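Multiple structures are listed underneath, in C-alpha cells.
Next come two complexes built around chain A: one with chain B, the other with chain C.
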Partner chain A sequence: MDQAIINGLAEGSVYALLALGLVFIHRITEVASFAHGEVSAMAAFVGFSIWQSTGLPFWMAIAGSVATGAVLGAVIERVAVRRVQASGILATTVVTLGLYFVLHGSVRAVWGPEVRPYPSIFGDATLRVGGVAVSTQHIGVMATSLLIALGLSAYLRFTETGLSLRAIPQNPYGAAVMGLDIRRLRAVSWIVGSAVGAVAGVLIAPLTFLNSNMMTSPLIKAFAVAALGGLDSLLGAFVGGLLLGVVENVVVLYISSYLKDSLAFVFILLVLLVTPEGLFGKPRREKV
Partner chain B sequence: MRRLGLLSAMGVLAAAAIVPLLAGGYWLYLLSLMGAYGIVALGLNILTGLSGQISLGHAGFVAIGAYGSTIVTDQLGLSFLPATVFAVAIGWVVGLIVGFPAVRLRGLYLAIATLAFGISVERAIYHFKALTGGPYGLSVNPPVILGYAFNSSAKLYYLILVIVVLAVVLAANIIHSRPGRMMVAMRDNPIAATAMGIDIRRLKVLAFAFSAAMSALGGALYAPVINFIGVEHFTLWLSISFISMIVVGGLGSIAGSFLGAAFVVVVPELLREFGAYHQIIYGLAMIFVFVFWPKGLVGLLHGLAGLLVSGVRGRRPAPAPAL
Partner chain C sequence: MKERLWHYGAAVAGMLLSLSLTAGSSVAEPGVTGTTIKIGAYDALTGPIPLTGKQMSTGWLAAVKAINDAGGINGRKIELIVEDDGYEPTRAMAAARKLVDRDEVLLVTGLGTPTSVVVAKYLDGAKVPLLFPMGASSTQLNQSGFKQLFMIHPAYMTQAEIVLTWMLDNAGVKKPCIIYQLDPAGEDHLAGFKKVLAARKIDLPAAEPVERGTTDYSAPVLKLKNAGCDLVYTGLTLEAAARIVTAADRIGFKPKFAGFTTQADATLIKLIGPLAEGFYAADMLLRPDSDDPAVKAYLDSLQKYSAEATPTFFTNYAYAAMQLIAEAIKDAGPSPTREKVVAALEKWNPKQSPLMGPVSFGADNHDGKRSLYMIQVKNGKWEKVSDWIGAK
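Here is the complex of A and B:
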C-alpha cells in the first residue's frame, strides 16, 4: 500500500508536469493545446539526437530539449494559433489537433517507429526508506514537478510579466488599452508552457522509452487532470495529477489492472457532472 | 442556387450509380468506405457544424454500431436490416446518455468528456472478450436481406449507396427545417436562443442522440466493408479523423461531410509509399482550412461553381483576427 502510494505520487508527478504546461498556456491564452504532448515528444527526440550525434554531456542535450520546446511554442503561436485566437474554441481545438497530426507525423517521418531506451538524468539507483523502495528517478521527477509548479506560480504572482500575463484573460481589451503588448505576452505564455512541456517529455521518456507514441496516453491523462482542476488552476493541475497517480496505483492493488486506464475517465466524467467547471475552477458568467 | 444544388446532387448520384461498371473492386471498396465514413461525418457535422458541440469520442459510437450489428447478426441470427436498426437504436440510447452531461458541459470540458467516452468504449471492447473477441476482433459476414447476400464489392457498394442517399435526404430535411435552424441559433448564441423560446437542454441532448445514431449507422456499414472489426479500428485516431473530415470538407455542409470522408480515405492511399506523411498532410489541411479557408473543400467547389455560373464575383475577405 505504501509502495503503491509512492509509485502513484511519482507517476502522478508526470501527469501533473504535463498538465502544468497545458494549464499555464490555457490560463493566459484560453487555448487548450492538443499538440502539447507532441511538442514534448519532439523536444525529447531533438535532445536525444543532439546527445547521440555530438557526444555533448547529457544535461546540455536536455537544455537543447527545453530550447526546442520553447522554439516550437513560439512557432506554433506565431504561425497558427494567433490567427485563430479570436475564432472560438472549435477553431483553436481543430488547429491544435492539426498541429498534433503535423508534429506526430514529423516525428514518425524523421525518427521512424523504433522504440529507443532513454537515459534518466537522475540515475536509476534505488533507495530504501522504511520498507518502501524509491528510485532516484522517482524522487527527481517528484521534486522537479513540485519546483516547476512553485516556480510557475511565483512567476505569475511576483513578477511584472506575470502580472501582465494574469491581466490578459481578465480583460484583453482593457489590458491592451493599458499598453500591454498582448501578442507578445501570449507568445511568452506559449514559450514558457512549451518549455515546461519539454521538461515533461525528458522526464517521461526514461519511463516509457523514447518513441513517437509515448505522449499520447500521458497527454490524455494530463487533460483529465487539467479539467479536474478547472483548466486554469496550476494548484488544481498539480494536486489533480498526484491524486490521479495515487488512485490509479491503489486501484490496481485492490481491484483490477484493467480499471487503471479507464479510471481517469470515469473519475473525470463524475467530477465534471457534479462541478462542470472542475474542482478548482471558477464559474464564468456569460453575456448575450 | 438551390436548383443548381439539386441538379449537381442528381449528377453525382448518376455518376455514383454507374461507377461499378467502370471501376475495379479496390476502388469500390474505397468508395464504400467513404460512404460509411461520410455517414458518420454527417452525424458529427450536425452535432459540431450545426449545433456547435465538439465531440472527440465519435469513434465510440461507430464502434457501438459496428459491434452491435455484428454481434446480433452472429449470435441471434438477425439479418442486415433488423441488425442495423438495432445498432442505430443502441447508438441513439447511448447518445442520449452521453448527451445528458453534455448539457452541463461547455466547449473544452465537453471535448474532454467525449474524449473520455471514446476511450472508455475502446477499453470496454477490450474487456468484454466473450462478446467482442477482445484483442482478436470479430470477422464480419456479408450483409443478408431477405435471403439475398451482398457478397461482392459491387453489391455492397450499391447497398451503401442506397443508405447514403437515405441518410442525406434525412439530414437535408433536418438541416433545412425547424430543428436545424434552432441548432444554428443555439450555436451562434445560446442565451439569445433561450430568450427566443428554444429549449436548449432538450435540443442539445437530441442533437447528441441523432449524431450518435448516425454514427452507429456508419459503424454498421463500416463493419461489412472492412470484413473484420478489431479494437484497433476505433481509437482516438478515428475520432480525430472524423473531426478533420468535417473541417476539411466543410462545417455544417452535407456535401462537405462526404468530401471530407473522401479526403481522409484518399490521401493515405496516394501517400502510401511515404509512411507517416499522410498525417502531416491531414494536419496541415486542418490548420490551413481554419486559418485561410474556413469553408473547406465544399466552399472551394461552391466558389468554382459560382465562377462558372455568374462570372467573377467579389468575395469579401475573411475578417482579420482580433487580439
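Here is the complex of A and C:
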C-alpha cells in the first residue's frame, strides 16, 4: 500500500508537471492548448539532437530545449493564435488541435519513429526508505513541479508583468485602456507556458523513452489534472496531479489494472460534479 | 422539349461511357504483366506503432530490390505498393480495397493483428491471397480457415505455450505470471499461458492486463510483486516490456523476465542497457550475428539497399517474408495467377526459408511455422540457449 502511494505521487507529479504550462497559458489567454504536449515533445527532441551532435554537456542541451519551447510558444502565438483569437475561444482551441497534428507529424518526419533512451538529469538511482522505493528521477520531477508551480504563482502575484498578465483575462478592454500591451503580454504567456512545457518534456522523456508518440497519453492526463485542480490554478494542478496519481495507484491494487485510466476519469467526473470549478478553482459568477 | 432530349442523350452517353470504363478495367491476370508483378502491402507508418511500420517497409523493400537485382521472378520485376493505415482496421480495409480495385495487385501482405483480421476476411471474399502478414491470432488468423490467408508468424498462443513450457522445464520457474496487452493479441498470449498451466495443474498467481499505449507500469508491476511472481511473461510491445523491467527495478522486484518474438531484438538492450541482462525471449529467425551464409547475404543486402541498415526483428521478418512471397510466385509458374499462387503454397512440405527454417502448408493447414527457439541476454548480447522447439 505504501509503495502504491509512493508510485502514485511519482506518476502524479508527471501529470502535474505537464499540466502546469497548460494551466499557465489558459489562465492568461483562456486558450486550452492541445498542442502543449507536442511542444514539450519537440523541445525534448531538439535538446536531444543538440546533445548528440555537439557533445556539449547535457545541461546545456536542456537549456536548448527550454529555448526551443519558448521560441515555439512565441511562433505559435504570433502565427496561429493571434490571428484566430478574435474569432473566439472555440476557434482558437480548434487551431491548437490542428497544431497538435502539425507538430506531431513534423517530429515524426524529422526524427523518425525510433524509440531512444533519454538521459535523466536526476540520475537513475533508487532510494529505499523503510520498505518503499522511489526513483531519484521521480523525486526530481516532484520537486521541479512544485518549484515551478510556486515560482509561476509568485511571478504572477509579485511582479509587474505578472500583475499585468493577470489583468488580461479579467478585463481585456480595461487592460488595454490602461495602456497594457495586450499582444505582447499574451505572447509572454505563451512563451513562458511553452518553456515550462519544455522542462516537462525533458523530465518526462527519460521515463517514457524519447519517441514521437511519447506525449499522447500524458497530455490527456495533464488536461484532466488541470480540470481537476481548477483550470486556472497552478497549485491546483500540482496537488490535483499528485492526488490523481495516488487515487489511481491505490484503487488499482483492488481492481484490474486496465481500469486505471477509466478510473482516473470517473474520479475527475465525481470531483467536478461536487466542485465544478475544480478543487482550487474560483467559482465564476457573472452578472446577468 | 429539346432540353429533355439533350438530358436523355447525355445520360445514355454517360452510362455507355462508364460501362466501357468498368469493362475495360477488368484484367484477365491482375498484378502480372510481361515485365512486372505488383504486390500490395498495408503498413502502420503513422499512428501508435510507426517504428514497427517503418521496420517492416525497410525489410520488404530491401528484399524486393535484392530480388529484382538478381533478375526478378521468372524474369519479372516486383513492384511493391505500400499503403499507410495508421494501425487502424478501417483504414487497413480502405488500403486493401485500393490495392485490389485500383492497383489490381497479384497478392497482398501487411502488418498488424487487428488490421490483418479485417483485411483477411475481405481478401478471402475477393479471392486475393494474403501472404505472411506480421501479426498472429490463433482463432482469427492462424487457424481461421481462410483459404486465401497463409501465416508464417506463429500465433501468440503458440508462442506463449512454447516459452512458458521451456521456462518451467529449464529455468526453474515456480510462480509464473503474465502481463499482457488488452487486445486480441494479448488475450491470445493469456490463452496460451493458461493452457499450459491448466495442463500442469499450476495456479496462475497473477495476470495483469494493461491498455496499449500505457506509459506508466508501476501499478501492474507492483501487483505482480505482491503476488510473489518469479517469472513475468511480457505479452505486449517491446517498449512496454522495457518499461516494465525499469518499473520492476525501481521497486526492487527481480523476477525472471521472458518475452516472445517481438522482444527478441537488440533494441531492448539499447533501451534499458544493463537492466536487460537475463531477459529471455523466443525467436523465429536466424540471429543476425550467426555465421550462416544466408544471414550474411541478408545483412549485405540490407546495407546495400536501405538507408537504415539495422537488422531488427521486424526488418528481418519482413525481408524473410518477402523472400518467401517471391518463392511462392516463382512456384506458381511462368504465368502466375492468384489461384496458382495458392495452389503452389499448399504444396510446401516443407519449403526451406534461408532465414527462418522450414515452412509447411497443406490444403487444410495455413499455419506454416510453429517452431521457435529460446534466446537470453548475456553480457549485453542475445545468445541462443535452446534448439528449435516445436509446438505441440
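Rule of thumb we're sticking to: the second predicted complex is superposed on the first by the 278 of 288 C-alpha atoms of A that agree within 3 Å, B and C clash if a C-alpha of one lies under 4 Å from a C-alpha of the other, contacts with A are read in each partner's own complex, and residues count from 1 in each chain.
What we mean here is this: a contact is a pair of C-beta atoms (placed from the backbone, for glycine too) under 8 Å apart; a residue touches a chain by one contact, two chains touch by 3 or more.
Keep in mind it's a predicted model, so treat the numbers as computed, not measured.
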item: In the superposition, chain B vs chain C on chain A residues touched; value: B
item: Chain B versus chain C as contact partner of A:Y100, first or second or both or neither; value: first
item: First, second, both or neither for A:T216, with chain B first and chain C second; value: both
item: Partner chain in contact with A:N249 - chain B first, chain C second, else both or neither; value: second
item: Touching partner for A:I5 - first (chain B), second (chain C), both, neither; value: neither
item: Touching partner for A:R108 - first (chain B), second (chain C), both, neither; value: both
item: Contacts of A:S135 with chain B and chain C, given as first, second, both or neither; value: second
item: Partner chain(s) touched by A:T208 [first = chain B, second = chain C, both, neither]; value: second
item: Partner chain in contact with A:L272 - chain B first, chain C second, else both or neither; value: first
item: Residues on chain A lying within both footprints (that of chain B and that of chain C); value: 105, 108, 216, 258, 261
item: Partner chain A, residues of chain C touching it in the complex; value: 46, 48, 50-51, 53-54, 182, 208-211, 213-216, 218-220, 222-223, 226, 239, 242-243, 249-252, 267, 270-273
item: Parts of chain B lying in touch with chain A, wherever the complex brings them together; value: 48, 52, 54, 101, 104-109, 111-113, 115-117, 119-120, 123-124, 126-127, 189-192, 195, 236, 240, 243-244, 247, 251, 274-287, 289-291, 321-323
item: Contact footprint of chain C on chain A as seen in their complex; value: 3-4, 7, 10-11, 14, 105, 108, 112-115, 117, 126, 128, 133-135, 207-209, 211-214, 216-218, 248-249, 252-253, 256-258, 260-261
item: Residues of chain A touching chain B in the complex; value: 32, 80, 82-87, 89-91, 93-95, 97-106, 108-109, 172-173, 176, 182-183, 216, 220, 223-224, 227, 231, 258, 261-262, 264-266, 268-269, 272-273, 276-278, 286-288
